[in-house]
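The two complexes that follow have chain A in common; it is paired with chain B in the first and with chain C in the second.
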Partner chain A sequence: MLIQLLANGLVNGCLYALVAIGFALIYNTTKIFHVAHGAIYTVGAYICYFFMVEKGWPLAVAVGIAVGCSGLLGALVEAWIYAPLARRGAPLLVSLLSSLGLYVALVNVIAMFFGNQTRVLWPGVQRTYSIVGVTLTRPQFWQVAAAAIIVPGLVLFLKFTNWGRIIRAVRDNPTLAMVMGINQESVRLWVFVVGSAVTALASILVALDVGVDPNVGMPMLLTAAVALIVGGVGTFEGPVVGGFILGVLQGLVVWEISARWMDAVTFGVLIVFLLFRPWGLAGRRRRIEETLE
Partner chain B sequence: MNYIWHILVMISIYAVLAASLNLVAGYTGLLSLCHAAFYGIGAYATTLLMMQMGLGFFPAMALAVPLTALLSLLIAIPSLRLRGDYFVLATLGFQIIVFSLLYNCVRLTRGPYGIPGIPIPSLFGVPVDTVFKYFLFSTTISTGALAILWLLIRSPFGRLLRAVRDDEVAAAALGKNVPAVKTMAFALGAGLAAIPGAMFAGYMRYIDPTSFTVGETIFILSAVVIGGAGSFWGPLVGSAFLVALPEALRLIQIPDAVAANLRQVTYGLLLVVLMRIRPRGIMGEYEFK
Partner chain C sequence: MGEVALECRGLRKSFGGVHAVDGLDLSFESGTVTALVGPNGAGKTTLFHLICGALRCDNGDVLYRGRRINGLPPWATARLGIGRLFQDVRVFGSLTVLENLLVGFPDQEGEAPLVALLGRGRVSRREADHKVKALQWLGLVGLADRSSALAGSLSFGQQKLLAIARLLAGGADVLLLDEPTAGVHPTLVDRLLTVIRRLAGEGRTVILIEHNTSVVLGVADWVYFLDEGQVASFGLPAEVLADPSVRAAFAGLGGRRQ
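Moving on, here comes the complex of A and B:
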């Protein structure tokens, strides 16, 4: 039983890592606390639901369309909402407030069209596989596979390719990057596209397993944000580590106490980290002068 | 007619709620996302004191206010050391933990079942048992609470809050104890939020954790920001507007099931548009930074 719960925790860790790296891509590069990322998580699963169940299209096509549309939605959010604010030099908390508003609006548009009940994407009992006493469903295997390919892929991409270097340059010092001839706005746009697409894929894989309702986005977004802080803001491997830690920890909480306390434990961890190690596990301690711009 | 009194009761509750968040967010510049938690603690504390200890409405409320203010220190002291996004996320975390406690401590709060049969408040031995009477009752309480807030804001302490908000370093250089001022503002805002909590419990006579969620926190914050943070009248305008909005949607005959969502879509989009064209809100004096 403990092994099974730990395995579930690791599978959840894979999902958290995916969403957290998508969130980190956006947060580290633009410094915007993108709450609407949670809404994009929800929207991705619903687009897949729409084409797969209501239109009856094949799974792979529906997933492809949903991931593409979510990437596009991310780009539109940046182009129409954050970029104009950034051009005006608006404070980051103003972006946060408009992101909160956008989250509320998007989630309720979804609820208006699809209702508040849980929607099942893939009816019937899923085939399960057992390895060394651990039973996983087919979508859970896909979750692990997707994370195993995308997460290291993204981390290596950001570390070793030229585009990765450009993204890190904008993260470290947007003004200097601009002086070096990097088009900051297009970098931000692409970061939103990739971050949103990765997140949508994670949400679709969850929805294939357990279905989707309009409120799934907020807890996931908060877990991703906590994973980023625990791992280390500013890094791209940190949120992956943070995601796995939270996944396993939640598995243990289910084992030791009860599933009802999962959220409280996640945020307990956050508050402990904010107090004692706000730069996270992988992050670097910064002097206060560095953090004030 | 009862329908109009009902809307006015809700506006009187939300006006105090938004105004108390305004003290923290608008006047002190702390973008706190756990106000629904204090609202909930106030409602539960009043209810439990009335039902378990047999206190009247006013003594229960009078105890709930300092209790909520004290509990708010649990999050204020650690999180006020943080800046910007970190503070927002820490308060959001507190909101979720409090919701989780209200939901899971079944022995104390009855969890998801909620607490039914809250006694009717009475004033000088007269029970406040109709919607109209409750309207008079709640308007009196909220006018009192708003008057306290008004005096607080006009006082030297209110000026100190704005000084800390506008230039922390300068305030510290003048010998003001900035962390203490922030903590005090946060606790005062939390304590004031317990009053609408009590009013809500006394009016609905049934409470459950779903009235005190993250969504509720965002709603209260929207009322402050849309109305105008840092202005006394802003949150009152904002909450009147946001509470009356669904009723306006009802008048143009949108089915109830959709109207609830449409209301949220409207205020969500309003928040987005306002941040773009007028980040200070309708009556605003202060823009978050």
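Moving on, here comes the complex of A and C:
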């Protein structure tokens, strides 16, 4: 039983890692606390539901369309909301508030079209795989596979390509990046596209397993934000580690106490880190001079 | 001497009721080093902001090789060849020293994500080439042995040298240097001045803001003395700095205008 719950925790960790790296990509680069990321998480699953269940299109096509549309939606949010605000020099609090408003609006639009009940994407009993005493459903297996490919891929991309270096440069100092000839607006746009697409993929894989309702986005967003803080704000590998820690701890709590305490674990971990290691696991303590900027 | 690389015509900028830059007409020839001197608040740094596009001027024009560039955003003027060193040191703290330089190279094909993924061969050859050049520039400022350290872990003076090396690596045609020698160890100042002279010798245009008269005398071909957003005098360094009113302003740097 323990091993099974630990495995479930690791699978959840894979999902948290995917959503958290998408969120971190956007947060680290733009410093916007992108609450609407949670709505994009929800929208991705619903687009997939629409094409797969209501239109009866093949699964792969529906997933492709949903991931693509979510990337596009992320880009539109940046182009129509955040970028105009940034151009006018609005403080980040304004971006946060508009993001919150957008989250509420999007979730309500979804509820308007699809209702508040849980929608099942893939009815019937799923095929399961058993390896060394651990049983995983087919969607869970895909969740692990997706995270195993995308997460290391993104981390390596950010670390070793020119483009990754440019993203890290904008993260460190957008003004300086701009005087050095880096078009910050196009970098931000791409970051939103990639972050949103990755998040949508995670939500679709969850929805295939347990279905989707209009309110799945917010808990996921908060978990991703905690994963980022635990792992280290400003880093890209940190949130991945943070996501896995949260997933495994939640699995252990389900074993020891009850599933109702899962959220308490998430925020308990957050409080511990804020008290004792606010720069996170992979984060770097800053020189006093840097913090003075 | 050379052709005019950069020209400002009737440039004006005010903040509230204060005329920071009040009708400046300046021209800078390629292959020369021009120093801007003047008391605090004379509009020197504002002028740099206007040239690189960080601020928009209220009136007047900035011409780069005859082309009007005011109104362009900073990344666009940077791509045209206008490089800038900030007065306060700015580096990418969590990138390594080497990466700080690599970001500065122009025409990075990696900027189109698809090219970065598909054209790895071409990109990595270019990358290797950039690395060799970057290490040469780091050697010049004495940071070659720190190339894999995080830039944020360097001392203030080292970060300044890194910022200068990055600017040089960027291959800018016009260099705007805001107090390049402030906070740098005296032995490195000489090395820096040699580099600046060499850049001008290669035909680049160097414009520097400087408070140290011996640096101005040692490196500049021309000097503009600015006061209250206007050109108070212009000429050879020895002539301008010999002017009694200029000397009075220099002597009063400490707080006369506060």
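Just so we're on the same page, the second predicted complex is superposed on the first by the 287 of 293 C-alpha atoms of A that agree within 3 Å, B and C clash if a C-alpha of one lies under 4 Å from a C-alpha of the other, contacts with A are read in each partner's own complex, and residues count from 1 in each chain.
Everything below uses one rule, namely that a contact is a pair of C-beta atoms (placed from the backbone, for glycine too) under 8 Å apart; a residue touches a chain by one contact, two chains touch by 3 or more.
Treat the numbers as computed from the prediction; the structure is a model and nothing was measured.
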Fit-or-clash call for chain B and chain C when the two complexes are aligned on chain A
fit
Which holds for A:Leu102: it touches chain B only (first), chain C only (second), both, or neither?
first
Partner contacting more residues of chain A (chain B vs chain C):
B
If you stack the two complexes on chain A, which partner ends up touching A:Ile40: first (chain B), second (chain C), both, or neither?
neither
Taking the superposition as given, does A:Met178 touch the first partner, chain B, the second, chain C, both, or neither?
second
Quick check on the superposed pair: does A:Ala146 touch chain B, chain C, both, or neither? Answer first, second, both or neither.
neither
May I ask you to decide whether A:Val19 touches chain B, chain C, both, or neither, giving the answer as first, second, both or neither?
neither
Vertex chain A, arms to chain B and chain C (CA centres, degrees, nearest 10)
100
Based on the superposed arrangement, let me know which partner A:Arg165 touches: chain B (first), chain C (second), both, or neither?
second
Quick one: classify A:Trp190 as touching chain B (first), chain C (second), both or neither.
second
Touched partner set for A:Arg260, first chain B, second chain C, both or neither:
first
Just the number, please: smallest Cα separation between chain B and chain C in the overlaid arrangement, in Å.
21
Under the definition above, what is the set of chain A residues touching chain B in their complex?
33, 81, 84-85, 90-98, 100-109, 111-112, 218, 222, 225-226, 229, 258, 260-261, 263-264, 267-268, 270-271, 274-275, 278, 291
What residues on chain C touch chain A, complex-wise?
52, 54, 73-75, 78-79, 83-84, 86, 90-95, 99, 102-104, 106, 108-111, 113, 116-117, 123, 127, 150, 152-153, 156, 166, 170
If we count contacts the way the header does, which residues on chain A are in touch with chain C in the complex?
161-163, 165-166, 168-169, 171-173, 175-184, 190, 234, 284, 286-287, 289-290
Complex interface listing, chain B residues touching chain A
31, 78-79, 81-86, 88-90, 92-94, 96-97, 99-101, 103-104, 214-215, 218, 221-222, 225, 258, 261-262, 264-265, 267-272, 275-276, 279, 287-289
